[in-house]
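So, here come the structures, one by one.
Same chain, two partners: chain A is paired with chain B first, then with chain C.
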Partner chain A sequence: MANSAVSQSTNLEPQFHEEAFPWKHIIGYVLSLVLTGAALWCALGYHLRGSALIVTILAMAVLQIVVQLFLFMHLTESDGTRAHVWTICLGFFFTFVVVAGTIWIMSFGSQVA
Partner chain B sequence: MKNFFVTGDPMIYASDVLIVLVLVGIIFTLTYFKKWGWLWREWLTTVDHKKIAIMYLICAILMLFRGGVDAELMRTQLAVPNNHLLSAEHYDQIFTTHGTIMILFMAMPILFAMFNAAVPLQIGARDVAFPYLNAVSFWLFFFGALLFNISFVIGGSPDAGWTSYPPLTELQFDPGPGENYYLLAVQISGFGSIATGINFMATILKMRAPGMTLMKMPLFCWSVLASCIVILFAFPALTGALLLLTLDRVVGTHFFTMLAGGNPMQFINLFWIWGHPEVYIVVLPAFGIYSEVVSTFSSKRVFGYKSMVFSLMAIAVVGYLTWVHHFFTMGAGADVNAFFAISTMCVGIPTGVKVFNWLLTMFRGRIRLNLPMLWTLGFIPNFALAGATGVMLAAAPGDYQYHNSYFLVAHFHQALIGGVVYGMLAGMYYWWPKLFGFVLDERLGKWAFWFFNIGFYVCFMPQYELGFMGMTRRMYTYPANMGWTTLNFISTIGAYLMGIGFLFIGAQIVYSIFRGQRDLTGDPWNGRTLEWSLPSPPPAYNFAQIPHVQERDEWWRIKQAGLADAYRKVNLNELEPIHMPKNSGIPFLMGVSFFVGGFGLVFGWTVVAIIGFAGVFLCLLARSLQEKTDYHIPVSEVQQTEISLGRA
Partner chain C sequence: MAVMEQTLKDLHGAGEHRKPLEYTHGGSVNILGFWLFLATDLMVFATLFATYLILKTHTDGGPTAAGIFDIPGYVAETFILLTSSFTCGLATYSMRKNAKAAALTWLAITMALGLAFVGLEASEFAKDVADGATMQRSAFLSAFYTLVGTHGAHVSLGILWMASLFFQIARRGFDAVRARKLFVVGLYWHFLDIVWVFIFTVVYTMGVR
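Moving on, here comes the complex of A and B:
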């Protein structure tokens, strides 16, 4: 928190170690573009249908989360507090609720269609 | 360009004249008193949480006025049958702007005003975790609100309801800039809200004074933490929904059209994934304020602190699982509706726990009926009714009868006015002396309370009945033979009474600026938490020395131990330089850039949009390349400030 208003300790240096070249970020950036593009290609080009399409997109979404957490958010690089664990668990819970809930709620449309 | 300015309606022309007069007045005053530099240095570039709180508060009160005028126009239109004061189209625009402004440009900023006013002071911090980001949040909100508000004189207001459901909001059914205004203004201010959520979550988790464990935190901070968690997980759904609808309108995609494989119900699903938690985003901090106020004005510690914390968190999580109750009638099936009906009713349990805790806090307390307490007492019966009617609406089969009727309108106004507005007004009266250094006048405030509170019931109780009689929301007029005339007329009288209440609040603020009782002690209410240990208003750095906290109601403990006077004295020799963030003009310029970019997209002017968003990028770049974003206040300056405050 080098930019924070009031660091209460005198140590103002960043707490994570810095790489010479941001390889992680570049790999992560490329991977997230590839994953997004692949999902779009599947849906837009009608290459998959029905549950196969949904399962594929979900799998890519999970990979996307892994990319974000490990390559951008440095999940493993510092010892987290209990608050970190709690918020990450909450994040997974809410993500699950939104995705699973939406599929459950909106699948009525397939009966209509 | 022919339809650039809205024409034809005398009320709009009157507004044009007023807007020009006010602008000329502001520019003249600032120039005449040579205040432009002051405005830039002290306000537009500030990153001080206390000043940002004041700016949020001023904007919120102005927006309450704007949304209130919309409400009075609607009630005037509905006072008698077959009324044609407003045309159907104009009425549509007014209920749309009323809803959007009240939720997004009134409730959210007044909420953030309270966050900024109280949280850093309560946890013993000198500012929020990311003060620069805090300023960015404010200016994104400000320019989002400005973009939304100019729509009624330039280009035309949105007219598809604050929920903006497709397919009505698709380009083919609703051409023109109106809906674009809604989408972009809400999007821009939404970015700011997400940033505020992150900011205060980090502040509360990371910036507490030594000794203040989470379970020693004031309940308001807990409620802000709960609210921020919900902001962080709910707002991205709105961002996504608005983005997809914007793409539909601007680029011609088919996410929500019936043709080409789109599904309009998906927008409704995404909208309410944000929309229902949004209710808890705004009401949880109000609960926090009630807890502070009840405890302070009963001179007792809050009853059941741990159950209060638990129920706040339970509401935050369970409240996230209820969104389908806004569209039971979509017909997703009995299993889906049953699940969401039950989860909705479950939210009533932790809320009930809180109500009983407030009552038991007052039990055998020495209650003082100052304005914050008055609004808190007004809230409790109000919210009990809102909860009861909420459970009625939550019963899915019953909801098929109440859906989109005036029963629903009355219910959510009771929850949002009775819960949120009362809470924010209580908070405003409570922390006003801390922000401004004077207390708001009690006598005028009591007039305001009674007009508003009585007006509220006169306005909304008849609307429950009208709902049962079949009157649906958003209808711009009704025939005389429906039997709705009397109740509508009574409701309009109530709306006027509430309007008079608001005018009393305005009068009270103006009167108190000149005649209000100055707060020289810093502790006008005999408070219990750390903000009341500071002078009113506190110095820029808040705490000359960061306090070491021992107990939950730390300031109360210090006072009870007879140490208050000693505690207020700073030992000048022990002071150290204070590390603070520098002011920056970039957040303001970034807001201007977003405004220009948004305005360009609203009218489909690509060049203007590109210029605006290039400006945003330049602001980001400029900030990334800045080396020195912070500085130290030297000891001598801190000493002088503390001496001038009489604390040395």
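Moving on, here comes the complex of A and C:
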């Protein structure tokens, strides 16, 4: 009896400010398409070159992360939020250190050689 | 500390009327644990990206990035995966509205798009290998197949994971546990989309320029 009472009371209801229409998801999808299209336009249309191209399309990739994390992955809601944010920020920081540090050290070595 | 207190409250089932179902009955602990997993999985990809970026010019006189990357192919893979991330988000959205049929439909569409993505990637790899661009040919190709193949293996696992969840939800509907499972597989899928955006940018788009 107690079990059925629990399952009754936890029926899914839109109790967490869920929108009537999934605008957040649609906005996120459109943004991801626009960012991808813009990166392709810059690169394959030869509108930018060299380091300007690299910086621009990397910036668009970072914006795509923001779209996924905030519009799709619900990063900033409910209780564990601060722990979620710190966890994933630490992950991105380590990623940056590993990738940038590797490039720095390895290209430094090749210049010396 | 506030997190721990809230976690203990969750374990005792307090205050769940104000939260989505997947965070109740201890689910917020599992979800936090999954964020920790994603951070460590990000490390795996960090090392593979670093390796690729160092080795991408080491082609040993063999195929180069600009030589083997098929632009329509990788652009199609990208739009398929972006769309699947959107439909996966809609599955979670439907779950939160307790719309089981809609959630299952979006989940099925997500799996179909995932299969299309993996199929395109596999045919791209098969064509490259047939042209002599094998994994053993050069350090560039070893790094390329390891990085992109690890992502493809993640996507394949995600499809199997979603399929098992599809049958669980179809048979038994949503409760706190299955809501949390669907939410977590969604996090995994969006994470793979993030990784792919970087493969799209750093490997393919920079490779063909």
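Brief remarks on what is shown
We adopt the following convention: the second predicted complex is superposed on the first by the 66 of 113 C-alpha atoms of A that agree within 3 Å, B and C clash if a C-alpha of one lies under 4 Å from a C-alpha of the other, contacts with A are read in each partner's own complex, and residues count from 1 in each chain.
FYI, a contact is a pair of C-beta atoms (placed from the backbone, for glycine too) under 8 Å apart; a residue touches a chain by one contact, two chains touch by 3 or more.
These numbers were taken from a predicted model, which means no experiment stands behind them.
Legend: residue contacts after superposition of the two complexes on their common chain; A:73 is shown touching chain C, with no touch to chain B. In the superposed model, A:108 makes contact with chain B only, not with chain C. Legend: residue contacts after superposition of the two complexes on their common chain; A:39 is shown touching chain C, with no touch to chain B.
In the superposition on chain A, contact of A:57 is made with chain C only, not with chain B.
In the superposed pair of complexes, A:29 makes contact with chain C only, with no contact to chain B. Once the two structures are superposed, chain B and chain C can be ranked by residues of chain A touched, with C on top.
In the superposition on chain A, the residues of chain A contacting both chain B and chain C are 6-7, 83, 87, 90-91, 94, 98, 101-102, 106.
The residues of chain C lying in touch with chain A in their complex are 2-3, 6-7, 10, 13, 16-21, 23-25, 28, 31-32, 35-36, 38-40, 42-43, 45-47, 49-51, 53-54, 71, 75, 78-79, 82-83, 85-86, 88-90, 92-93, 95-98, 174-176, 179, 186-187, 190-191, 193-194, 197-198, 200-202, 205-206, 208-209. For chain A in complex with chain B, the residues that touch the partner chain are 1, 3-8, 81, 83, 87, 90-91, 93-94, 97-98, 101-102, 104-106, 108-109. Across the complex, chain A is touched by residues 47, 125-132, 201, 205-207, 210, 229, 233, 237, 263, 265-266, 269-270, 273, 317, 320-321, 323-324, 330-333, 336, 546, 578-581, 629-630 of chain B.
Residues 6-7, 9-16, 18, 22, 25, 28-29, 32-33, 36, 39-40, 43-44, 49, 53-54, 57-58, 60-61, 64-65, 68-69, 71-74, 77-80, 82-84, 87-88, 90-92, 94-95, 98-99, 101-103, 106 of chain A are the ones that touch chain C when the two sit in their complex.
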